[in-house]
Each structure stands twice: as structure tokens, then as C-alpha cells.
């Protein structure tokens, strides 16, 4: 146990290093942006009325000071690190002085909810079907499914999402095609609200599942078709162990370890993967916020999203590394 | 909010009492923020806030208006200036209540102006500080402004075309310590609606009609029909169409031209501004080719004219709007009351206009271009295309320059250009080539691409660059050679050109590399222009002399061709008459702009009646 | 080599179909070099014509002949996808094999960078690059940027295989035959990771092309360059889906599905050829 | 019996006939790739595509009812598996699921066939493990935590816990060192005797056969070339290949030069015509190249397939193979 | 009599730390082993012992692939572990390994002759094809093969015996003075086993190569060895001339080993008995306490 803790601690230090480096890279990248939030606001405001050059100059000065953009980059970097320690990412420049974190937290639950659920769903369905397809290699049904999976996999996500809208919102309008929940319910833990959330999530989630399924399916099928040639599978078959048990405890259980690692990485990708979903289904989420923040030069929000992504992905990898030895008793972590 | 969460009310919005409007903007970044007086705090405006809740002194409609384009809103009457335009007095309406029951008085107006003058970084801080010497409430219903310098257009700050300086509730804001950090949630307004609820993620806002709607300025024009008004942000234009066909949306801000044609085909009860082709509502803005006059390539007017004469307006109309463009050869958008004031009266002058190509004089104007375009689209759209010549002129435009490659050649040669093979060379011996920055998408992009292509075919290497930052940095910073965008926007409902023209004064032209204030993006200086502007400044807004000055401006623009005006910016707004009737139409009742993010769209609500169709 | 291909075509139906599909797409995209039309010119034909004898793929709402337009689009997209795949494969092979074979500090350092590259969100970076470069953001540059982010996961996979290979007897044998680490990695170990390289190359192409489409649809690429992404961008811009100009979307999608179906079949049959196990079995050892 | 490989037809086992009696250990010896495992798989009804049985039958007689596993349905075979017929697979290191503890293998494999209550079942398992000198603690271990010998014994325990009448063991001791090997072999023998089962025991190690089997068959290139009681094989073998095998065994205390057999074993895909041993046989005659010798009965339960088997040549003459290399 | 022996192993120990996640333990794989091989008299030096007794680890230290935890290994008077770069290359030319499994020792995807060619190129500085082929063929001739038979072949096209002989030939190319053969026959057929073993004898006699022969097969050890060490749990328990030791081992563990060798006497009797391992004290304590003491006939026995 003590050794495990030492290992975990070491691994944790590495996590910190990765997070620190990743966030620093994100900081400098986001400040590389050629878009000035000050000019963005000047452009918007001065369009409202006749602004003289002097008025523009004074507004520019006011905003630059307000946004803290008048200090040199390295100083800003250390300020940023200092604030980061207390979890403060500073005010958003797109919605000054609302904290960037507040804007992000508004969108985050939706993104995480939709993507985590659909990613896990995709992972489960894809792996189960892929596992079965790898095991029952002669099944017509599963073979057909394989062909479909390969066919759907390369279709751009945008097309799939839009087809969902057209089919279920237009040709056969049975499901809501926009929003996170209906306008006539209040956010709460009431059944109405939850049902509404679920109904609104069906199409976005389904489109994500359809697009993602193929990858997991094919990956798992390939893994399993290797595992079924292993002696312990053959031996269990010869011993007359039930098929169900062989598939679950012998085949899929052994394929799980690499697939879990891949899942952790896929979960990491969800932070930038939602923009199309949000656009097509008018679904709340980080993607739109992120694009608009980049667009407006709001480095604080870009940075907040990037930090969360970096932390989440690095943590996911860290956790997978931690549970790896528990999942696969053979692993001797170094 | 806690209590609400405990017992969630299952609100219903009966469809026959609810109007659902498309908010063209993306979902609100900062949905809880309603303090729209602060610059850059992420407050959304077009979500119903400035249309339904806020109010100010006057409105000037881009279209005909209910009884004239000028509305006295919170003001009882029009502005009163003193002799030399250094003071302005406003009489306010009495008996107007804020939505929390407080009475609206002159103190609110004074507070609005003074607060913004004291607090830099608010939306109107700069103009107030620049113009206002002092402001005082003479009595509860009279406000008196003292100006720093003569300004005959000071009232325009409080005159809404699509928005203006909204009045702040003093009794709320004076309690607030830091105005710039205040979220103004829930908003307290002077409009007939109050906030009912909104999406925590900013996709929709629901507004409910005030019990005391008759205590608002809008009551003068009638009771707003819908009990609830919902503003929905729908990023995908195609989804807007689907929502409307499904009956989930009553007004669409904008569709693609193709989407509009398809909507009309699919739904009997949906329509646009025009009853038939081209459907779209022409905004009082004028898409054009803007030359950067600080770039030496465009300093010779013969070159600019040559470029104009190389264009085929019909092809541009087809490429950009599938023919649904309202063309304008002159620097005035062919919208609202302008055709009556400008296009029709100047038609003969244009027809007779002569241009010296260097080797001969030609009459470049072709008054039949609109008719030709109508003929071109008729095979596809049949009866949807008007046949009446007058209707064709309002819809397709009064005419444009005729494509005349020969004349263009003569002009370029006169300017010292030479043609080598199919490539024009500049007098300095370099090939004549430039980049044309254009919008990233939509009709202006299509227009830019087509114009660049036409010039390229004539031997000028023009590449169209899709530019997402065209208004943010490209035009203001002058980082372009030529662009398709607009630097002319007008009131629409009034012949006065001060809306954009004042900013064209040579005093405002920035040095290369500096930021140019709105809207003289072309950075064009002309002494004659300055004369016109200076005279406008001394002429009262309602003075007929303004129209004459406008005509002079138009003629100067034709003469100099500093920009090539192309057409009005037509917005494919659509509405659905399944639940509501009484929307404005181009042919019968053009009382308001149907473009939903304009604050003026609130007048539509007073005209709406439920269809009662089940 | 030639005989191998011939045998594969003769005996391996999957390979044959794969070669045919990919061949058709490649030939189609190469046709763009002989195109009679300028792919950026608009309104050169009557718009919105459905596929017909005259316009095989129809025309789009911008008045372009889709056949030629898509030929350019596929040339650019395939070039792009391939470039990303090849470049990121090179990185992932180098990193994976080096980390796996050298182990120790090299391994830890490389995996540290690997984790960082996995963790940094690529999307805002791509958008930023678009804003910095705009119309200078050529397909090649975009490919380079994406290649920098497309390798970490596959490098991990390759590393895990290399870790196992390191302790195989033939590796030690190679050491005592005087082979340098580089030779051992590239000559002894590389063939073992080729199946992974092939299958991940395809996944990587799907990823990069998908990302290009996403960026294009949002308008964050140079939309004047014809690619599958910009074809969809313009289709979207003209409401092709709701207006009924289905061929503008269906045809590129069908072509892209064909491409990847072909690549998939190729990868499967190549793997079978390269995979030592099946190859040995085939050779009756 | 033959079966097919992937692309070329490989007759891994060809024309083999044998009987195993109750309560005996029947050994099969032969070089690697001579078809031992393939043959055993046929016996264990473990033939999977791409292999198939071309012809022949494998009949067991459990409780008096015969069953031909080469033709019976999978359901029927499933009924006799483990309860009557069990199999110790080659490569015992990899036959246990690496990610699950040992006890789950016992539960999966034996719980149903044994038909005992849960507690009684574990008692029986532990008792059986004790017979193989294994602590009950191994049940909670993962396979990789066990040493080679323990793992091997666990596999044997797994195969014998249901007390089957017939056990098929494929090289169960190859990976073990001599000391452990001896223990494991002794235990197999003990268990076999305690249960009275029949065991088919395959290995290429002649010294193992010498110590554990009652009867022994020598396989060369997919065919049985000689079958006899073990003692006979070691003392009076008649087939030249068998004789060579026995003679080349080094023994401590014996420093005489040991011969080595030249040439490579035939590929089963293209076996030589006639007697398959003839290319390497020192006493081959013309007939050997053309005709296939059949397995003929000799006195003392001895069967041999060689045309020159009766020439009763002295060992020296047969094994006059030079200690050379080229 | 030259002072420094060819290979001098002095009190070499190797400790592995098993970095298990849930348990960490130290394994003394090799414990204070010493012996020396003379340059003058080539011999077959056998290391024998149960599995896991540290034979492979010792061999790998001799080859320089593993660095000893303590003690030193000198080859021609120079520390093996300290050799780097060109020196290491020169050392590799002189000391070459042969591996256990001939099928595993060659990459199944590559032609076998590339190992030979690489050896010739790197250790003999052969540049041209012809320069390489000469030594390759010569080495192959020593093991009864020829370049013609091997060239261009894949491992699966050769029999196990041919492969193992190719591997030996490869090791011979650089004319090494020591060959370390780690269980070279445990994976080959019974009929080939003797061919390899006989080959070792000939290499010693004809080429003067010293062979470190690692095995757990007492019978072949007896058949070819000159000297032997018997290892248990990393410790040498008995060491000296091969035949006397194997005929009459003195250490209890050696005796156990010998007892466990399956005999052919009474073949077919089916009367196999247990090894009696339990009766022998195989605990580590007994080993650590013990010291190697000379026992008359030139052998050393651990007593304690």
C-alpha cells in the first residue's frame, strides 16, 4: 500500500508538471492572438454614435487600463499564475467585469453532461457491439453492422447532426431541435425539468453517438479478434464455460484496459468538440463560448477553458494510470 | 429564485397570446447582464431588451412609420434648438411609469447624461462628454441641454434608428455603488413589457406585457397584441426555417436567399417584406465597393470610374441575391423614403449624365437594369416577380451603370494604364492587382467574389479575401486596398444624411495606420464634400434644404466615384401569419422595418392581432 | 513488390475492392489537373442543376460545376489528410519507438511531452492560427499544425508495443550483431508497429479531415480553397439541405465514404499481409 | 484424421489408430511439429476452424455409452467435458485468464459439472488442491503471482478437480525446472492412480515418458511409427527412429559420443512419399521410398510401422550414425 | 603464465528492485559469484541451476548488458561495465551470445543473413559485399552450413537446428574468444540437441573458443563440460571440475538436483517419486550463512 502511495505521489507530481506546462503554453498561445479585445469593444461602441478620434483614444486608454493590458507580458504571466493558485482566472474581457470562470461554469455543465454521457454511451455501445462482433465473427448481423460503422465513421459530424434535425425536426417533427430544455419549465430537480432536459438531449446525443460509435466498434473488434485467439479463451471454451461468461469475463474484460485508456483521452477531447453540436442544435455549451471568446480576443475566457481542458485531460490520464494496476493485475507500474 | 426552485411553476405560453421572434445574435455571453449602458460587459440587446423594455426620446423609422417616420416617444414634441444650435430643450411626456411603478421624469434624463459623462467606458460617455456642457431638469418634464459647440444634430443621440441613448432609471442606478459592475437584473424599463424569464444560457428571453402598459409611451400607438414575447437565438439559419414551418417561430430575422425562396414555396402563410420576389427587406445601408483612398492605386477618379464601368450589375445581382437585389447607382440606399426623395427625382439627371472617357463622352447610366434583372428571374419565379414598372423599380432598383468595357479601357488608358495581353499595367509599370476584402459569408461575400471575378476577367488581378474582421479592424485601421462593405447608412425614413455624412468630414480622416472613426472607411477627403457637411451642420434637421444638400452630395459622389455604390442591404426577414396578423408589408402598409433586432420593431407589436385560427 | 500487389489483387477481394475505391477517388482528384474550369470562379454555369448527362454531379447554387469543383476539393482534402497522417505518423513512430526502446529518462521526457500535447486543447489554437494567418492559412500550413497535435495517442500505442519488443530475444540478438539503436528501432521494431501505423493512419485521416470540415463549416479556414470542408461550408451558406440541392452534400459525402471504405479495406488487407502472425500462417511455417 | 491449414492443406495427423485402456497413462512422444498437439486436439474435440477433421472417429466409452466426439454435436460433447473428459492444454502458462483470480477459473470450469453446493464445492476444491500440495491461498492469487510450478499444478488441479475418467495432457511440464518437474509428474501419477483415470500424456521428453507412462506411442511427421509398453520402447524398440531417440539420450556417467540425427523433419504440408522417415533413415531401402509402411502388430502389445522392423538388427548397427555435422 | 585471466568474475552481485505498484521487493538475483576463465585453455564452462537461480542474470552481466550491483567483471583485465563506445564494440566482438530460442532470436520478418552481415560490417569493418561474405561463409562452414544455404532466407524457411547453427555462426564471425550460450538447446528437438552440443565441443577443440554453457539439463552438462558451477537462488553452491561434481555432488542442493534427473532405469515402471525438495534446506538463510570451501578434488562446496 505504501508503495502504491509513493507511486501515486510521483505520478501526481508529474500531473502537476504537465498541468503547469500545459497551462503556461495555453497562456502564451492565447496572448498571441492578434485580436485586441479593446479594439473589439471600441468598434462595437463607436458604431453606436459619432465618436471623434479623441473619444476613441480616451476609451481605448480606459479599457486598456481596466483590462490590465498595459503591463508587460511576463508580469501578466506571473499575475496569472498567482491568481490561478486561488482558482481565479480574472475577469472576462468579453463581459467585463464578470469573472471568466462564471461564464465558463454556466456552459460547462451542459458540455460535460452532454459529452460525457454521449461519450460514455458511445464507448459502451461501441465496445459491447465491437466485442460481440470480434467474438462472433460469423454473425451476419454484426458483420452488417461493421460495414455500416465503417461507412458512417468518415461522414462529417456536421452532416450527421443536421440530418438529425431535418429528419426528427422537420420531416417527422417528434423531438425538440433546439435548446437545452423547454422554455416553460424552470431549472430545478423536478421531473418535468429532467424529462425536458432528456428530451432535448436526445438528438444531440444521438448524433454524437452515431458518429463516434464506429471508432470504438472497430477498435474493439480488432482487439477482441486478437484476444479470442489467446489460450485462456480457447481453454475456457473447451471447459464448457458458458458463452456469455466467456464474452464478458474473458474477452471483454481483457480488452477493457486499453479501451479505458482511450476513453480517458476521448473524454479529454470533449472540451473543444461541441461547437458544431451547439450551432446545429442551439445547445448550450462551451464550444460557442470558446469560439466567441477567441473571436473577441477574450484571452481570459480562452484561457479559462484551456485550463479546464488541460486539467481535465491530464487528470483523466492520471486517474487511468492510477487505476491501471488495479484493472490489470499484471501491470508493474514503474 | 430559491423558492422558485422549490415549487417550479409550469408556465404555459398559449400560442395565441405569444409572439416568438428570432434574435439574430448568438446566445448571450453573459445572460444575467442587462446593464446595456456599459461598454463591453457582455449584455445582450437584441434579445428584446432594447426593443421592448427600454425607451428614449425619439424614434426615426427606416420605413414610412405609422404616421410619419418620426415618433415622439418619451419626448412630447420634437427637439427645440436655440438659434445657433448651442442649446436644446426637450418636453417630456407626463404620466409615464417605469415598470416598477416609479414615475419617469426629467431627472432620469439628466441622470442618464451626467452619469455617463462622469463614468468613462460607458457606451455614450464619449459623445456626451464631447458635446454636452451641462444638462438640467428645468422642471419634472423639461430638460435643458447646454452644448459645448453648435450642433444641429445633437438630438440624434436620443433618436433611435436601430438604437440610441436609452434613458436610465435614476431611482435604481443612483442606489448602485459601481454603475459599471451593476447587472440591472431584473431590468426596470419604460417599455410595455417586463422580463418574465430567461434561459440561464442565454438562448431565449421571455417578456411579459405590463399590466400598466398604457402608462408607457408606446400606448399612444395602441395596445401591443401579444401577452408574451419570446426572443430566441437560433444560430443555424436553416433551423429558423424549420422552426417557422413547424409553427415555433413567428418572425425570422434573416435567412439565406435560397432559404427564403424555399420557405415561400413550402408555406402559404409565410412571407417577407415584398409580397413576391425579391421578398427581402432593404435595410437603409448601402453595400458598395470601398476604395482605400490612402492607397495610391485608387487616387485617380478615372481609374475608379473605369472599375465601375467594368462591372455587370445584373451578374452581381444574380450572384449575390439570386436577382433579389435592389440596385442603386447613387450613394443613397434605395430604401424607406429615399426612392421618393432621391432616386426618382435624380433619375433624369442620371440618364443625362455624361462622362468624359478621355477620348469621348458617354452616357453611362442604364435605367433599364432593374427591368432586365426582373426579366432574368421571371423564368424561375414566374408570378412572384412583379410586372408593374413602378413595383419593379422599388424592388429591383431604378437603374445602374451599364457595363462598358470599351469606355473603361479608354479611361484607364487616359490615366496612363496600359494593357499587356490580358493584364492591365499601372503607370508605374507594375501589374494592376489588388485584394478585395469582403464579408466572410452571406450575400456581401457573394457580391465581393463576383466583383473580383469580373475585374479579373477584364485583366485586373483582383482576389477576394473573406475577412471575418472587416468591420473590427480591416476597415477602421485601413488595412485593405479595396473592400465590399458599406460606409453609408441613413435614417431611411428621412432624407437627412447626417446619420453618416457628418463623420465623412475631412477633419476626421485618420493618418494611415491610425484608427478611422466610423464611417468614412474610404478615408476620402474632398473640399466640396466638406462644404456640404458644414452647411448641413448649420441646417435644422427638418429643413427642406437638407434634401437639396443631399442631392448635391449624390452628384458629387457620381462625379468622383470615391466608392462604387451597388445596392441596398436586403435582409431576408420573414414572418408567419399562422398566429398573428398585422405585420408591415412593402405594398400596403410599410409602416415599420420587420428586421427583428431593430428597436423600431416594437411598433409592429401594436398592430398585431391574433389570427384565432385553430 | 509488383507481384505482391498482383497476388493481393488476385486473392484478396478486400484488397481489390479497396484498390478500386481508392483508385477511383485518386483518379477523380487527379482529374482536377486537367480541369477546364477555375474552381474559384462563380456563376460560370446555371446554378442548382441536378446531376445529369451534362453535369455529372450537378451544379451548385454558386453556379459551379460540382464535378470539377469536387475534383479540386478532393485533391486538396486528400493531400491534406495524407500530409497530416504521414507527418503525425512520423512523429508518433519516432516518439513511440524511442520512448519504448530507450526507456528511462528518454521515455519519461517524451511521455511528459506526450501528455502535454494530449492535454492542450487544439480547437482554440486552430482558430487562433486562422486569425493570425487568415488567407495565408494554406492547406499545407493547416496540415502542419494538425500534424503537431495528431500524434500523441498513437505514440503511446506504439510505445506500448515497443516496450514488449525491447525484451524480445531478437532485439538482444540485434544488439550483439552490432546494430545501432536507430537501426534496431527502424529495421527490427518498425515492421511490428506497422499494423498500428496503418490503422491509426486511417483514424488520423478521418480525424483531420473531420476537423478541417468543422473549421471550414464555422468559417475558420480559407474558404476560397476548394476542399470537402469548404464545399460543405458553401452548401450550408446556401441552405442546400433545406432547399433541396441534395447533390451538393450527398455527393461529397458519398465520395468521402468511398474513400475511407477503400482505405479501410486496404488497411485491413495490408495488415494481414504485414502482421507477422497471419503472414507466417499464410506461408505455412 | 487430417485437417486443413489456412492456405495449404496440412495433414497434421494422418491415419492414426490407437486405443487407450482404463486406468493407464498412455504416452505420445515425437519431435516438435510432428503433430502431437493436433492429434490431442482431435481427441479433446478441440478442433476449431480453420482446422477440420477429414475422416475418422474418436470414440469414448463413459459409463458404457459410446460417444464419437469427432462427429457428435457441441451440446453432446459439452455434457461430457470436464465431468468425464478433461484436457490440460499445451502452454499452461497462458491458459489462465490473466486479469482474474484463480478461484474464478475454478468456479467457471468446475462448478456446474460438479453440481455441488457452494460450500461443498469449495471444500472439494481445496481438498483437491491439497492433493497437489497447493495451499488454499492460491485461489486468491492472480496467475502471474504464481511460480511456474504452482501455475502448472493449478492447471492440473483445474483439469482433474471433477475427477474425470479421461485426462488429456499436452506437455504439462516443459517450462519447469527439473526439481519441480519431478514433483509435478509424481503428482500427476498420484492423482491418476487415486482417480483411476486414463491419461494421454504428450511430451517430446523421453525421460519423462520413461518415468510416467505405461504405454508409449512414437509419432513421426503426423504418423504413429511405433507403439508398445514403455519398457519395450526403451529396451527393444524396432523402428529406427525410436532407436535413435533412445540411443541419443545423454545420461550422467556416460561419456560415450552421442549421435545426432541429420536432416530436417519433413514439412507436413509436403510430406515425402513412402515412409516419412526414409530421407533421414540410415537403413532405408528402395521400398521405403515408395510404399507407406503400416502399423503392424507384434507380440507383447507392440505395434510398429517399418519394413525392416523384423530384421532385429543390433543397436550398434542401426545407430552407426557418425557424430558429424555435415 | 600470463597474469590476467581472460575473464575474471569477482564477487559479483546483482540486486533487482521489483517496482511493483502494490509491493516492492528486492531480489538478489546473483550473490557474490567469483570465477575466472583462463585465456590459455579454452573450455566449456557450465552454469547450472534451478530456474530463477540467476543464471541468465550472470550471463547478461558477463555480456555487459547488465551492470552488477557490486563486485566487478574484468575481461582481459578491464572492467566490462566501464566499456563505452568503441571499447564496448571491441568487447562485443570478443564476447558473443547465443540465445535460447532460435525462432525468437531472429526477427521473423527479416532475412537471417542481415544479422550476419551486420556483424561482419560492424566488428570486422567490412565495407563491400565481398568483404562481408568471406567471413560470413567461413563462420557458416564451421557450423556445417554455407552462405548459399542461408542467404536470402527468412527464419521460417529454416529448421530450428539450422537457425540455431546460423546463430552460432553469427557469433563466430567476429572470432570471439568467449561465447555465452544461455540454454541453447532447451528449445530444440531431441534429435537436434546433440548436434548442437557436439558442435560446442568442436568449437572448443578446433577454434579454441571458450563457451559458457548455461543449462538446467544435467545430462548434457555432464556430456560436454570441463568445469561447472551449480547455482541456487543466486548463490554458487558447488563449483569445480564437471564430472566429479555431477557424479558425486556434495552440497545438498546439488544432490537434490541430481536426484531429480529422471532416470531411464526401470522405464515404464510408472513409479515416479517426488524429488524430496521439502527435506532439503533450500532457504536463503542457509545459503547466506554458508561459505565456499575447497573439498579436495578441486571443487568448492558451500558449507555452513
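Chains: A, B, C, D and E, in written order; residue numbering restarts at 1 for each.
Assume a residue touches a chain if its C-beta (ideal position, glycine included) is under 8 Å from a C-beta of that chain, and two chains touch if they have at least 3 such contacts.
Labels paired with UniProt names: A, C = ABC transporter permease; D, E = ABC transporter ATP-binding protein.
Not measured: the values here are computed from a predicted model.
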Fewest touching-chain hops separating chain B from chain E: 2
Pair joined by the larger number of C-beta contacts - A-C, A-D: A-C
Approximate Å spacing (C-alpha centroids) for the pair chain D, chain E: 31
Intercentroid distance (Cα basis), chain E paired with chain C, Å: 49
Separation of mean Cα positions, chain D and chain B [Å, integer]: 92
Centre-of-Cα separation between chain B and chain A, whole angstrom: 39
Chain B: positions in contact with at least two other chains: 238, 242, 468-469
Numbers and ranges of chain C residues touching at least 2 other chains: 131, 236, 241-242
Interface residues, chain C side, partner chain E - complex: 168-170, 172-179, 183, 187-188, 191-192, 276, 279-280, 283, 285
Complex contacts: residues of chain D adjacent to chain E: 25, 31-32, 147-148, 176-183, 185-187, 189, 204-214, 216, 229-235, 244-245, 248-255, 257-262, 264-265, 323, 325-326
Chain D to chain A touching residues, read off their complex: 44, 46, 48, 78, 81-82, 86-87, 89, 91, 94-100, 104, 108-109, 112-113, 142, 144-145, 158
In the complex with chain A, residue positions of chain C that touch it: 112, 115-116, 118-125, 127-128, 131-132, 153, 156, 199, 203, 206, 209-210, 213-214, 217-218, 228-229, 232, 236, 241-242, 249, 253, 256-257, 259-261, 264
In the complex with chain C, residue positions of chain E that touch it: 63, 65, 89, 92, 96-97, 99-101, 104-110, 114-116, 118-119, 121-123, 154, 156-157, 167, 170-171
